[in-house]
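Below you'll find the structures, each written out as structure tokens.
Okay, so chain A shows up in both of these, paired with chain B first and chain C after.
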Partner chain A sequence: MKQSVYGLVLFILLALPPVAGLMESLMIAHMHMQMPLLVASGFLMAKYGQIRFPRFWERWNDNGVPGILLFAIIAVYWMLPRAMDEALAFPGMEAFKFVSLSLLCGMPLRDSWPKIGYAAKSAVIIGFTLLFAGMGLLYVIAPVQLCNNYVLLEQIALGWGFLTTAFCMVIFIIYHLFTRHSAYE
Partner chain B sequence: MKSLRPNSLATFAVILFGIALFYWGTDGFTAYTAESARVNRLLDARPTFPQTTFEDSKGRSYSISEFEGKYVFLTFFYSACSTVCVQLEGNMGRVYETIPAERLGREIVFLSVSFDPDRDDPARLEEYRTFFDSDGETWRMARVPDRTELNRLLDEFGVIVIPDESGGFAHNSAFYLVDPAGTLIDVMDYTRPEEAANEVARILDQERGDGG
Partner chain C sequence: MNKLLGAQPKDAALSRTYLFVAFAALLLGGIMGLLQATERAGLFEMPSWFTYYQALTTHGIVLVVVLTAFFTIGYFYAALSHTLGGLLPKVRKMAWIGFALKIIGFVFVVIPVVMNKATVMYTFYPPMKASPYFYIGLVFIVLGVWMCAFGAFVQVATWRKNNRGQHLPILSFFATGVFVLLFFGSLGVTVEVLTLIPWAFGWTKTVNVMVSRTLFWSFGHTLVNIWYLTAVSAWYVVVPKVIGGRRFSDVLTRFVIIALVITNIPGGFHHQIIDPGMSQSLKFMHVFMSLVIGIPSMMTAYAMFSVFERRGRELGGKGLLGWFKKMPWGDVRFLAPFIAMVAFIPGGAGGIVQTTNQLNQVVHNTLWVVGHFHLTVGTSVILTFFGISYWLIPFVSKRVLTPRINKLGVIQTIFWTIGMLIMTVSMHISGLLGAPRRTSYTTYGDHAVAASWDPYTILVVIGAAFLLVGGALQLYAAYYLMFRAPKGHTEFPLAEAEENASATPYWTERWGRTIIVMLLLVAMAYVAPLVNFIANAPPGSPPFVTW
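So, the complex of A and B:
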């Protein structure tokens, strides 16, 4: 239960106008700090949801596939350059960003991850690694400004952020492949 | 089987939700950046030119009614910009060159509007104009001295200008075409001057066909 409170505190902290304004002023902080932290707040708050409504999760997210799909859809949606611009332009989209990333992205991830099998987990990790690498290249190479609210230099910084994340995920995958897991279990 | 059904239903619902979200978020899979969405919206809305007073490189002041009855080929720039604007104005020059002389000034006028009225005074605009093929008559360069009017114009045409650290501006760019009645009828890709030139020629020919 305690972690759900931490999750809620994190969510409220992120939603405070000065904090949100500061994070959104930098493109890379907007996408690589604010958004993942919102997912994390939902991930923490999920504990409350699981304790309070165990039947709901059991019934509708039995094998974890609906949850992980929902997680992926919301995560990919917020990587669209346009979604980011619109969150800054329209208060409704900004509200949707906060609600969707915490409740529809972080929460289902928490419930689904232990339920899905090894193949599905690998697909999610490899899929996001490829996506991050692709988005990174797009933002670094694109000669035009993709977001109206951020200058080109910030876009390139975000691209490198994506590539760095993808690189770390590749290291994780290699590490995972070359470790004998049975030795540690 | 009984416990599987709600789960499959949920999977199906999530996929449908995903398709709907992306369809809605990209205007039916057409606009993945806010810029393409902006152009789509502008072409739908077709805003009319707001009341604006220009001051051009020759120091003349006039409103948009100066160009009544003519098409206006419009760009937004600022002279201290050393990157996009040079390409934008250069490509505007390439479109300008393709217009036959008898049409220039009669059927169509080219107008470069500066959104940096503090620095782009008539003297500066007069100097900047000579870097391109602008003659100051059929291709005019002008500033909008009144801030309120300038902001309304930028807002109406969806131009977003962000001041950057080095005293410049980041901004989105396009070619705009305003019809003789003062309505925005086309927004064109400024990196493709040939396409824009063809489009302008087509519209002017059509007008001539309608008239005669």
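So, the complex of A and C:
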């Protein structure tokens, strides 16, 4: 339960106007810091939902697939340059960003991850790795501004952020493929 | 087995050699320190064949790199050997190869410094250009450190295979964290040095100064925290045993190590907080990333004083602070690390000052900064290392700590503390008054402001004299314990976990994941400034020899 409180505190902290303003002033911090932290806040808060409404999760997300699909759709949506622009231009979209990334992305991720099988987990990790690499190349190579609110250089920095994240995920995949965990644990 | 027989002879010889080099470095670095302080105060003029800046460069390299690196590796290899059932022959070989590579590297580094061809301070900021052989020496040093890091990884992985599902003994867990940081933390500086070598040879014309500085500090700050983590390992594991108590929560200890490993490298940018070329908001973000390190530090402070209080009350200490009197103040193995911990309170507070953009503008490049790292490294870290040496050297030399040397250690600790207190306070104050660091004696045309620093620079010399006495006593103690003390068995003091401790979750052992999270955080911290420095790069700087 403590975790849920920490999640809520993190969510409130991220929603404070000076904090949100600071993070959104840099494209890379907006997408690679604020958004993952919102997902993390939902991930932590999920414990409360799981304890308080067990039937709801059981009925709705019995095998974990609906939850992981919802997580993937919301996460991919917020990678669109246009979505970032809208969050900065319209307060309604900004509110939707906070609610969707925490409640519709972080929470279902927590509930689904232990329920889905090895193949689905691998698909999610490999899928997002490829997506990050693709997005990275797009942001690095694109010769024009993709977001109205951020200059080209910010976009390139974000692209490298995506590429380095994809690189870390590749290391993670290699580590998993080539390390026999059963030999150690 | 190890508990009964003491150190394994071949492993002990390895650690002993590393410790010997560390203390030889203390002797050389200490003399350089006193020479600088006297020149800086205007009491003595360094000869033209060995200038103030050469002494400063030697002091930095010998103490900041040699003393700390050799002590850390010697200490943790002794810990790996003791807690994991002896070093594997190939691991021992790797550590010896690492030793040889580092020594070769230091020879390459020191010769240009002595020849006045690499008077670039230990930070070797371009566009100041050293002899290319200086940078080649640095490559050898890094290779030597990597060899030791990989040796430690092989040792730990083998132990885990043979002890499936068990938690790594806590001191080896600390060692793993330190070697992970040593390897990943030095990647940035390696890239930097590999760009500086062709530039120093004249094969490339210019260098991107901002990128070099950033790569340097991604390592420089990590190195600082490696020393800190090494000292902290003794605080958590050894000091409780010395006072007869038990360790603080195992879960918290492992969490602190993981948190320090993950959050360390991104903290480096605050060393450049008033550098140009970065937006204010990005700097603000980096302030947060740097200050995160404060969280595990606060946990450590709480944990340590909790252990002291619990033990003091067990020994009959009453009232709010009665437990304090029950501590073994006459035991140098406790006294030295205790003073080190206390010094970290103002040291850490000073660090927060320097991490903050506005406050840094007041103290940047002043003697304040020098005072700060003499308090953190020179006191918190080094006094802990001294405290460790009073049981580690006898342990690896199969000798015992005599009451006479213990007493000498207490006196030495007092000398060191008084010296550092006088020196660091004076440095902090004169820094606030504007005295610059890394500057030899000058009156600035008899300017009144410069004259106001004089009393403090004299106090720095007095402090340095105390330190020299303390250092000499420490060297004598190290020599005596290594070669002259009575033969016998010395225990490797490892405190037991607390009674009725909650089980430590197994995720703490998954170093692969910890490293991935660390790399992600490093990417978050460094991608934006590096892209900025490269995409908006200035024309680049040709080399300068300013001395």
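Operating definition for what follows: the second predicted complex is superposed on the first by the 184 of 185 C-alpha atoms of A that agree within 3 Å, B and C clash if a C-alpha of one lies under 4 Å from a C-alpha of the other, contacts with A are read in each partner's own complex, and residues count from 1 in each chain.
Criterion: a contact is a pair of C-beta atoms (placed from the backbone, for glycine too) under 8 Å apart; a residue touches a chain by one contact, two chains touch by 3 or more.
If you're wondering where the values come from, they're calculated on a predicted model, not measured in any experiment.
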First, second, both or neither for A:P66, with chain B first and chain C second: first
Partner chain(s) touched by A:I156 [first = chain B, second = chain C, both, neither]: second
Partner chain(s) touched by A:I141 [first = chain B, second = chain C, both, neither]: neither
First, second, both or neither for A:C168, with chain B first and chain C second: second
Chain B versus chain C as contact partner of A:E86, first or second or both or neither: first
Which superposed partner A:A119 touches (first chain B, second chain C, both, neither): neither
Touching partner for A:L177 - first (chain B), second (chain C), both, neither: neither
Touching residues on chain B, where the partner in the complex is chain A: 3-4, 6-7, 9-11, 13-15, 17-18, 21-22, 25-26, 31-38, 160, 162, 164, 170, 172, 191
Residue numbers on chain C that touch chain A, as the complex places them: 157, 160-161, 164-165, 279, 281-282, 284-285, 506, 509, 512-513, 516, 519-520, 523-524, 527-528, 530-532, 535-536
Touch list for chain A against partner chain C, complex: 22-23, 25-26, 28-29, 32-33, 153, 156-157, 160-161, 164-165, 167-169, 171-172, 175-176, 179, 183-185
In the complex, chain A residues that touch chain B: 59-63, 65-66, 69-70, 73, 77, 80-83, 85-86, 89, 144-152
